[in-house]
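In the two assemblies presented below, chain A is common to both, partnered first by chain B and then by chain C.
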Partner chain A sequence: MMRTPTYGPRLIGGAAFGVMAIFFVIPLIFMIVVSFYQPDPMGFYKVDFVWENYGKFFSSFYYTVSLRSLYSSALGAVLVVALAFPLVLFVSDLGRKWQLFWIILLLSLMCLSEVIMGFAWLILMSESAGIPRLLEWVGLWDNPRSLSPSFGAMMIGLVFLGFSIVSLILYPAVARRDRSIEEAAITLGTPPAMVFYKVLLPTFRTSLISVTLTMFVYLLGVFVMPTMLGRPQDWTMTVIISDKALGDANLPLGAALAVVMLIVTVIVLIASALLTQRRTA
Partner chain B sequence: MAALTINNLRKSFGTFAALKDISVAVEDGEFICLLGGSGCGKTTLLRLIAGLEVHDEGDILLGGRDLTEVPCHKRNIGMVFQSLALFPHLSVGDNVAYGMRLRGMAAATVTQEVTRLLDMVGLSGLDSRPVSALSGGQRQRVAIARALALKPEVFLMDEPFSALDAALRDQMQEEVKRIQRDLGITTVFVTHDQREAMALADRIVVMNGGKIEQAASPEELYARPATRFVAEFIGINNIIARNGQPPLAVRPEMIRLQAQGNGPSGQILRQRRLGALLEREIRVGDQTFFQSEIAGTGAGFDDGQTVTLAWDDAQAWALPQ
Partner chain C sequence: MTRAHYLITTTAMTFGLTSAAFAQELTVSAWGGFFEETLAAEIYPLFTAETGIEVKSIAQPEDSAWMTQLMAAARAKQAPADLSLVVDEVLIRGNEVGLWAELDPANMPGTANLTDGYVQMNDSGKAFAVGALAFYTTFVTNTDYAAEAPASWAELWEPKWDGKLGIVTTPNSGLLEVTATTFFDGVEVLETRDGIEQVIAKIAELKPQVSLWYRDEGQFQQSLESGELNAGLYYHDVTMLSIWDGLPVASTFPKEGGIVSDAYWVVPRDSENIAAAEQFLDFMSRPETQALMARTMGIFPVVPRESTDLTDEEFAAVGSEITPIRVQTHIHLREGDWLETKYQEMIAQ
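Now for the complex of A and B:
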C-alpha cells in the first residue's frame, strides 16, 4: 500500500523557515545596499554607490575596535564556558530538588533584561556601595574607589550575561551523561581529581567548542554591558556602529562596519569549525 | 587462600539496607556469578568490591590485602560496566591503551599490548576505528580488552550482555568463558539471567533482599535448591505444600503425565511447543503444576483433558519451611 505523504509538518516547517529567512535576509540586503550610499548628516544617507564607507574601516581606529571586539567576545565566551561547565557538572550531581532550584535560578537570571543586570553590576562596583565597600570593610582595600567603568567590569558584565544561557544549553547533555564512563576511568587508575581533565573535558569537547562559538557570536552583538560598564576605549564594534548610525546620523558607515564585522565573524566561525573538524578527524 | 574474601559485609543507602551481612570467598581463577532480581544487592556488592561504593561494615580482602582503605583507582581491578562505558572520544586502540598510558608504560609496550589484547578479543586491525563505528558485540569486546589491559587481580562484570540479542549474548558468553579460562583470572559476574549464570559460572551466588540465599555450583543449585526462593528463581518448580511437613519441590521435567493412575490428577490448562520442548500447565485443586518434556517423547493429550501426575520420590526434595 502506498504511504500517504504527510505535508502538514513540512508546510509548517517551511513557513517558519520562510519567515525567518525574510526577517534575516531583508534587513541584511538593506544593510548591504545602504553601506554603499553616501553619508548625509541631514537625512542619514544619499542614494549612491561608493566604497568610501568600507575604506574607513581600514583606518587604525576601526581596525583596533574590531580586534578589541573579537578579543573581548572571545575572552568572554571562553570565561563563560570555563565557569559554566564545572558549575553545571556540580549541579547535575545534586539531588533533584537542588537541581530544580538551580534551573529556576538560571531561568530567573535570563528573565532579567540586560539593562537591569548592567545597573545591578554598576551598583555592586560603585565606590559608595557594593564590592569596594565590602573589601574596605574586611580590610583588603584602604582607599576604595569605583571598579567601573573598566575593561574588567565590562568582562564581568559580559560573563554574567552569558552564564545562564550557556549553563542552560549545557545542562541537558551534562545531566544525561553516562556516569559510568567516569567510574570506568577510575577503575582504570585515574585519580578522581583527574577525571574532569582526562574524561569529562574530552568527552564534551565538541559541545563545549560549539557553545563557545555560539557565545562568541552572541557577545559580539552585546550593546548595553560595554556601554554601561566599559570605558570608551573598551567599547566594542557594536557600540561604535550604534554610535555612528544613530549618534552621528551616518547610517552608511554604520552599515559598512556591520557588514565587515559580519564577514569577519563568519570567517572566524568557519575557521573554528574547520579546525575542530580536523582535530576530531 | 581465596583470591577474594568478603566477610560480614553490610551496606545501607539511607534507611534501605542493600546488603545484610554478606560473606563469600572466591577462589583463585574461579568464575562466580552473582544472580538475583532487581534490588537484591548484586550490583552493590560488585561496586563495593570495585571501590565505587564504600561499605558500612565488614571486610573485603583481595589476595589477603584488606581493601577497606584502598581507593578504587588503586585496587587493580578490571571492570566491565552494563553500559560498557567506553570513552567516546577515543579510538578502539586508545580505549584499550588508556590505563597503560596512565601508568606511564613505554609507548612500544603499549602498542604491543593493545595488539595482543585486540587479537585476544577478535578485533585485530581495528585499533584506529572510533568506538562509535563498532557493532554491539565489538563494543563488548573493546570493554573486555580495556578492563583486562592492566592485568587486574579480579575481573568484575556488571550485566554486560543485557542489551544484546539472544544469539550475540550466547556468542559473547562463550568468548568471555574462553578468555577467563585462558587467563585463569578470578571473575565476578553479575546477572539476573539464570541461564547466563548456568552457562558461565563455576559457582553461582543467588542473592535476595541483600542476603545470599545459596552459593553452589550450577549443577547443585539446579538439582538441590536450598530455599524456596532459589527453587523458584532457578526455574519453574512445582512446590507442593504438605500437612505438618516441609514443602516438596519437583522440577517440571521430572513429572510424567498419564491418562490414568495413582497420584494427583488435574486438567490441562495450556500446552505450548517451544522448539524441541513441550510445556504444559495442569490445574490440580487450587494449584497450577508445570510439566515439560521433549516433544514427542510422551503420550499426547488434548487441552482440557484430565491427567494424572507422577514422579519418582528420588527426584523430589523437601525445602526448608
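Now for the complex of A and C:
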C-alpha cells in the first residue's frame, strides 16, 4: 500500500509563510527602524535612534486625530454590517436568478476604484447636479446646499466602500443556514418579527462580530473617502500619515505614527477577541 | 505647492528604470497631466528634430512623493529619469543630500539667456539645476457667482463667498506669504515663529468660509467650474485653459501680486546621459522655446520678456507686471515640521 505524500500541502503552506515574511514582516521591520531615525528638513533623514517621533504623537493633535479615526472606523464598521446583514438575509431568500443578480451587482461594485466611487458621491451630493438639486426640484428644499464635505458624506462613502465586501463575506453562511430553526421558532409561537432578534442574530453573532472587526481594520486604512468627502475635522490618521510621509517627505514621523496606529489597532482587536470569548464561555 | 494634476501616485517609477539603455534616448519626467502631455506633444518633438535624440516622456507624481522615489532610486544607483522637473524646495533638499548630477554651463550656452539666478550653483561652483519655467497661483473665481474680479487678496476674508472657498491644504501654497503681504506689510513677519503664528491665526479666520481644503487639484477645478465653489487659490495656467474652453471662471492678479513659483530641471546623479541632458537644457533655455511654452502651456517664461517675441496680449495671458509674491522656501525648509504641524492643526482641529 502506498502512503499518501503529505509534504505537498506543507510545501504550499511554507511558501505562503515565506511570502508573508518577505512582503509583510520585512517592510514592517523596516518601518519600525525608520520610525527611530532623525528627520532632516534640509535633506531627508539621518540614521539615528531617537524617541522624538513618538514623543510628537503624545504632545500634539495626532492624539486627537487617532481617537477620531478609531471612532469613525468603528461607527462605519457597525453601520456597514447593520445594513449589509439584513440585505444578505433578504437576498438569500430570493429565487436562484435574483440571488445571482445581486451577487454580480455586489461583485461589480467591488471592481470600482475608491477614487471613482468618491467622485460619483461627490457629484451625487453636489448642489449643482445631485440630490440637493433634486430635492429643490421636487420642492422639498428651498435653498439647496452641497452635502459634502461633511461627516455624514464621509460615512456614506465608507459604508459604500465596505458594503459589498461585508455582504459577500456573510452571504455563503447565511444562504446555507438551517431554515428549520426559524420555522420551529415560529411554530413554537415566536412572532415572525421577533425571529430576526431571537434566532438569526444569536446564530450569526460570532460571524457578525468578526466581520465587524475586519471592517473596522479595513476602514482605518481608507484614504480617499476622508480626503474627498470629509471635512478637515474628519480627516483620519491615514490622511495625516500620508501627508507627513509623502507630502512633507518626513518618513520617520510618518512611520512612527503608523507604528502607534498599528499598536492601537492590535490592542483593540485583542480586547474585543477576549471580550467575545468570555461571553461565549 | 504640489503640481501633480489629479491623483497620480506611483506609476512613474515603473516606467523609468530602464532609461539608461540607449545613449540617444532621454527619459524626461514632468508633473503628470496637462504639463507632461503638452511638453511631450509640443516641445520635445522639436528637440528631437534638431538633435536626433529621442525623448521618452514620463509622468511624475507630486513633488515630495517624487523626491522620496528619487531618494530610494539613488540608493539603488538608479535614475528613474534623466531629467526631472522639480520645485525649488525639492531642488534644495535634493542638493543637500547629493541627489543631483553636476552640469557644465559651458556645454549649455543657451542657459546664458535665462534671467539671473536661474542657473543654480552648488558650493563648489558647479551647476546642478537649470530654470525650466515659472507659474503663477492666483485668485480664481467663478464668474456666475462673482461677476466682479477681486481687487485685493483681502477680499478672501470678506463674508461674501457664502462659505464656498477652496484653499490648498499644504502650508507651501503661498497663502502664508499672501496673508503676510496683505495684512502684515510683507513677508518679513514670517522670519520669526511668533510672526508665523500671527499669520496662521489670520488664515484661521478664513475657516468658516472654506468648504474645501484641497490636496487634489482635479477636485478643486471641477468644483469651481460647476459653481460648487465660488472662489479660491489655483493655478493661473490651468484656469486660462478653462477660460478658453468657455467655462465661467476667471483668474485675477490682485493688487498685492500673484504667487509665483519656479520650477527647475535637474539631472538625477545616476543618469548615464548627462551630455544629452545638457543638450536638452541648452534647447529648453532658448527664448524661442520659452515663448513656445508660454503659448502652449500658459507658463511664465524664465528668460527676460524682451528676449522673446511674445506680444503684449500673449504676455498678459501668462503673467502680470505686478511684482509677484514669492513663496519663502527658506522659511518653509527651516521651520519644516514645526510649521507643517501648526498649519495642519489650524486646519484640522
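Basically, the second predicted complex is superposed on the first by the 273 of 281 C-alpha atoms of A that agree within 3 Å, B and C clash if a C-alpha of one lies under 4 Å from a C-alpha of the other, contacts with A are read in each partner's own complex, and residues count from 1 in each chain.
The criterion applied here is as follows: a residue touches a chain if its C-beta (ideal position, glycine included) is under 8 Å from a C-beta of that chain, and two chains touch if they have at least 3 such contacts.
As the structure is a computational prediction, the values presented were derived from the model and not from experiment.
Partners chain B and chain C, once the complexes are superposed on chain A, both fit on it without clashing.
In the superposition on chain A, A:Ser210 makes contact with neither chain B nor chain C. When the two structures are aligned on the shared chain, A:Ser146 is found in touch with chain C, with no touch to chain B. In the superposed pair of complexes, A:Phe61 makes contact with chain C only, with no contact to chain B. When both complexes are overlaid on chain A, the residue A:Val199 reaches chain B alone and has no touch with chain C. Contacts of A:Thr190 after superposition on the shared chain: chain B is touched, whereas chain C is not.
More residues of chain A are in touch with C than with the other of chain B and chain C. Contacts of A:Trp235 after superposition: chain C is touched, whereas chain B is not reached. Once chain A of one complex is fitted onto chain A of the other, the partner contacts of A:Ala129 are limited to chain C, with no touch recorded for chain B. By the document's definition of touching, of the two partners only chain B reaches A:Ser180; chain C does not.
Minimum Cα separation between chain B and chain C in the superposed model: 45 Å. Those residues of chain B whose C-beta lies close enough to touch chain A in the complex are 50, 52, 71-75, 77-79, 81-83, 85-90, 98-99, 102-103, 146-147, 149-150.
Note for the complex: chain A touches chain C at residues 39-44, 56, 60-61, 64-65, 115, 119, 122, 126-129, 146, 149, 224, 227-228, 232-233, 235, 240, 243-251, 253.
Within the complex formed with chain B, the chain A residues making contact are 178, 180-181, 183-192, 198-199, 202-203, 205.
Contact residues on chain C toward chain A in their complex (touch as defined above): 2, 7, 62, 64-65, 67-68, 71, 92-93, 96-97, 169-170, 211-213, 215-216, 219, 223, 226-228, 333-337, 340-341, 344-345, 347-349.
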